[in-house]
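Letters A, B and C mark the chains as written, and numbering starts fresh at 1 in each.
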Amino acid sequence: MSLIGRDLISIHDLSREEILEVLELGKRMHDAEKQGRRNNWGTKLVGMTLASLFYEASTRTRQSFDTAVRELGGKRIGFSGTEGTSVAKGETIRDTVMMYCANHAHAIVMRHPRDGSLQWAADVAHIPVVNGGDGKNEHPTQALLDLLTMYVVRQGKMDQLRVGFGGDLAHGRTVGSLTRALSHFEGVEVHWAAHDIFAMPSHLEHILEAKGVRVVRHDNVRGVLQNVDFYYMTRPQMERMNGTPQEEVLRILAQYRITPALLNGVSARIMHPLPIDSRLREIEPEVAFLPNAFYYLQAEMGIFARKALLHELLVEQGQSDYLPYSGVLPSELVSTNNRLQRAIGQRDKPTGIVHPIENGIVIDHLNGSADVNAILQPETRLRPNGKIHLGAYGKFPDAHGDVKTVYKTDLSELTERELRSIALASPGATINVIREGRVVDKFVYILCGNENCVTHVVEEAVPAKLYAEDGHAHCRYCRKLVEIPGRKVTAEERAAFIASLPTRIEPVVYK
Amino acid sequence: MSLIGRDLISIHDLSREEILEVLELGKRMHDAEKQGRRNNWGTKLVGMTLASLFYEASTRTRQSFDTAVRELGGKRIGFSGTEGTSVAKGETIRDTVMMYCANHAHAIVMRHPRDGSLQWAADVAHIPVVNGGDGKNEHPTQALLDLLTMYVVRQGKMDQLRVGFGGDLAHGRTVGSLTRALSHFEGVEVHWAAHDIFAMPSHLEHILEAKGVRVVRHDNVRGVLQNVDFYYMTRPQMERMNGTPQEEVLRILAQYRITPALLNGVSARIMHPLPIDSRLREIEPEVAFLPNAFYYLQAEMGIFARKALLHELLVEQGQSDYLPYSGVLPSELVSTNNRLQRAIGQRDKPTGIVHPIENGIVIDHLNGSADVNAILQPETRLRPNGKIHLGAYGKFPDAHGDVKTVYKTDLSELTERELRSIALASPGATINVIREGRVVDKFVYILCGNENCVTHVVEEAVPAKLYAEDGHAHCRYCRKLVEIPGRKVTAEERAAFIASLPTRIEPVVYK
Amino acid sequence: MSLIGRDLISIHDLSREEILEVLELGKRMHDAEKQGRRNNWGTKLVGMTLASLFYEASTRTRQSFDTAVRELGGKRIGFSGTEGTSVAKGETIRDTVMMYCANHAHAIVMRHPRDGSLQWAADVAHIPVVNGGDGKNEHPTQALLDLLTMYVVRQGKMDQLRVGFGGDLAHGRTVGSLTRALSHFEGVEVHWAAHDIFAMPSHLEHILEAKGVRVVRHDNVRGVLQNVDFYYMTRPQMERMNGTPQEEVLRILAQYRITPALLNGVSARIMHPLPIDSRLREIEPEVAFLPNAFYYLQAEMGIFARKALLHELLVEQGQSDYLPYSGVLPSELVSTNNRLQRAIGQRDKPTGIVHPIENGIVIDHLNGSADVNAILQPETRLRPNGKIHLGAYGKFPDAHGDVKTVYKTDLSELTERELRSIALASPGATINVIREGRVVDKFVYILCGNENCVTHVVEEAVPAKLYAEDGHAHCRYCRKLVEIPGRKVTAEERAAFIASLPTRIEPVVYK
């Protein structure tokens, strides 16, 4: 078991043993530093460079990785915020990542507003990539540092932990990531109290209970505080509260605020990912003077967690080695696996709707508002004979009497970019490929339904790739469950498609 | 005498001997470099890190500290400008400082737009904090580098210095800081010429003369130039000139501009804190080609001054040592000393105005526009019996026949935050604490009157702390004189309050 | 032959031998790294610092220099973007450069939006200055890395190179710089295909052919691809396309786009300076998966090219030495050489138009709209007798019957700043200096006509300096040809002026 050369995209990619390996090294680094013991970690990354690519603001995570790499003897390059960078000139994630590989980075930590963007960066880069936050998706080193805080305080014991949660359990990723990571251990209890609009999602509760975690909801925060070793306070996601008036939210928050009075006689340690919002005051400033306040020490644990992680990912790779950079992307990245094959039936014969096209593409089951002409722009493209290509819509009553929209063109094939654009405009459309008057291929181009997924940004040219989990398709990049949208797709076609998918996110192999 | 582990908030915190210690080390570093002598300063800060927290733009000061720490072998972390940092998410100065302590910084240099913010940062941090500019308040390393420039030029002799000042003597902090620092030395002369709107404040002149400095005003710049060793030109603070039309200001400036012609036959060295404003041209560009031009060399002195200072603050602390970080703030930081106790008199009996409240708070001598309900929001707070708390205003004729506004609530105590908010809205209000129908405590919550003081930002939760100097109260943070605002406060109450204050800014002790 | 201590402002400043010297070192560094050979380049710049002054956004160039200096063991200081710097306070290029010299930089790399700004920075600095892009003018390290890419691929052979160009050959600087650098070598062929609006300028074609380069225009990209070793794709400068509708430009671009289909059976390597615009897609994303894709490896060549260059400029200077910094600018920088002397003729006698002025200046052949009073502001300036100075316009019919505008003032001389301002407002005006009723000096103040030239920014106070090349005056800073604008200037006066100019850009010598 080794993490050398691995990427870290989600805390769920780490096994119980791998988590414990990082925690144990982090604790050893912590203990050595607090006890002033000699060690030689300070030279482990000499000659190595971490590229820190923060497409979004972050002081804390970025600074913490910076300290980690500095204390291991390495250097940091990169950017924070995209103003004044080539991103403003339309550079893709792919090209930016390759640029930092060309600059001889040995690892990348990146934050990006798009879900799935970190998996894409990891696919492109031949060096380890660590997720510093992809959209609202994952932030695995936050979970690692939270775990390390508990691990250090409890002297390496993770079983029989009792952890309370407060603040906003409904909208942030923190509670889900941390509780699921905790579920690796024995006898874990999760206690919580929150107003219904901030309540723990019931599917999360089910997952945890299925893994043996005892989940207890309390009426009030005091009840939680009296039953836990750690109390984890999270920031309310005010921007997600569209339905509820802000004063109402503030009033609710006030009832769940951590105050010195509430901590009277309580030994639970208060944790918080920081920054605390000084306007919302989810934790009163005066709490910082009590022995319960643990969030500042938790911030320091972020250093040790990231030092341990970078050490695990990089050190045996051979210090100061040049990592051969080929400048060529592996061709497996260009391929997709999202075409749901459909059976070619009787109605797909030349006498059917496709009749007027001898060679070309017919797109069936189109969403009425999808503007395929704007995507394909056939009028700007010349055939070998000098005539422009055809592109036309038709409307037909289908077998059920509904009017359906069909598009036909004599372009002989569609690019991935065009297929993705059509699927974005009209999920579930069926593509029919016509050769010599016959349908020779018929498929639905399945695309992730998450609007914030990086695969939705056509310019990024991220290949649509899926994997199957629990009998469902998932996006390789944002990992969200992908609905199979084709209205006419049969259960058999659907099952065959799911069966054709890989059952995990296979790493891209660089030679 | 040692500066090890000290903060530098104001140049006035340094004694004559301490200033000379820094200057002498700066000069030795300068001489060694200019003469190419071997030295080992380049490794003194190996393993140490300076956190450079610039909440406001600065190239020069920030870059100069950066060079200083680099040339001593240390590293720098931090930020410049708050865009893209956690400050935008409502993070307090306190939490930001703690975050950089958690990142194992060994010292902090910080610039912040609020007066007093640097003293607060120094209180919070367990490591040395150097003021890189707090609002318009202090910028002690500028004064140090100005002094070093003179010290190096005059081969270590500070007595019998003759310094001229020009530009804007009325609005900037430079002239005041530098002249007061010069007043430590013997036989110092200050010469100046400026239009009345830029004239040296008369109270500064009095302070200097009281310390034995000869202050001479001249009719014109030429007169000053002929009588001094150094001529210090400062930037006019155009934004402070609201009363005077801009063209008028420009015309005045033109008369005091330093030009090549003016320097004809003059040996005085021209100093300037830089940057020179290329639009205002307080110094003509052509002056840079004359031997009088000394501002570019002065810029280099900034490196040596800051290297010497960092060396003095840090080096004996033990190189590369881990500074134990507890993550807990000392509880003395939470306490305030600004409650001016008032005598409980005959009229404060239950039969008086407070009668309707058996237990609670009455706020007397309120400013009529102060909205105490908006601060306390009693209607959102429940008593143990489930009823909401009371909050009501009353208006009463007082002993003088004036109408006074009183507020009463059955909340049993007010938090520091609430008291501060009330004092901001109504300085000088008297707080009466009622228990079983009797006034048991009566005080005025005294707050610094400087609107730009960091203690006015309620979210920052800086405790209101005062010290006494020359028989007056001063704010611990911005050091401005604090008026005692209570209208009814007696001379005895006032005197007793002043007597209760510490007579200097006591450092916060970290164990 | 040595590049030690030199500036690099234009690729044309390097001879064939100097280029080959840099390329050979770059190739050795590249080969050593790719083959894992031991070397000691990693310590060559220990103790040295590169100031990286990017007035304009750049990730790639800035990052590449950063990596280069880091891998040579040196440090980097500086800024990227002028927000939050002293530039916003009106600081000049000159003062900024001096500030970084004061911060003990050993070399400067700078990018600035003004043409000629880099020559000015090089004049001011006593250390090597490398042009990272001045306006649309020069970007010599891009040309160096392009050459190194070819040099490495062809194992050190530069002769008989066949290079194709595509994209925008009309507006960018890349094609011109690279082809002219290639013209140093034997048997070079340039092939290109582009729409007329993006066509190679014919004067460039003439220059190349005069130097023995074979230039071939093809009908289409495929024709070029089949005839070259490298195909260089450039970004279209959309912002220069004002005359052509954007859809039209996009349609044209689509015909010249590099696609996988186009590369079928082609061995040419595709180069691109990066970033590729993901919206315009001058190269389709799928090309990155083909062996022809060479732009990512070209990005890595930027590291080796810049490492080699910095090594050549700095290493023999003596590692870790302090470069003595005087803080004084050489006085030769203040002098100009742009006064075209005119003969004082019969009509310039006191009985002429200048009659009313006994002593002063008369400005003749003024552009009617030039507001000289606004420049000189005589009404704000006092004569020794306390009266204000005179400034008045006159209109006279000239010998041809045209009305000409003349300005007269009793100011006895004009500053360089005033002369430059007048020449900006009225190019070609003749300045007449009157003493005791006689014209004693008569000249035209010649100024560069390039509106984006740094000499046009009056606040920067860049001296107007010219040199002569091919019988024409050129601006020392932006190197653009300078038209001699005086309407009345005779051919003899013009020729004498050109003859008086230096015939090359003489370096500024620092003692």
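In this section, a residue touches a chain if its C-beta (ideal position, glycine included) is under 8 Å from a C-beta of that chain, and two chains touch if they have at least 3 such contacts.
The structure presented is a predicted model; accordingly, all values stated were derived computationally and were not measured.
Asks: Since chain B and chain C share one sequence, what rotation angle in degrees maps the C-alpha trace of one onto the other, as a multiple of 5?
Replies: 120
Asks: Taking all residue numbers at the chain A to chain B contact, is the shared part over half or under half, that is, same or different?
Replies: Counting shared over all numbers used gives less than one half: different.
Asks: Taking each chain's centre as the mean of its CA atoms, how far is chain A from chain B in angstrom?
Replies: Spacing between the chain centres: roughly 45 Å.
Asks: Check each residue of chain B and list the ones that touch at least two other chains.
Replies: none
Asks: State the interface residues of chain B toward chain A in the complex, per the touch definition above.
Replies: By the definition above, chain B touches chain A via 47, 49, 75, 77, 79, 83-92, 94-96, 98-104, 321-322, 324-331, 333-334, 380, 415-417, 459-461.
Asks: Chain B touches which residues of chain A in the complex?
Replies: Per the stated touch rule, the residues are 33-34, 36, 42, 57-60, 63-64, 66-67, 70-71, 80-81, 251, 254, 274-280, 285-286, 288-289, 291, 293-300, 302-303.
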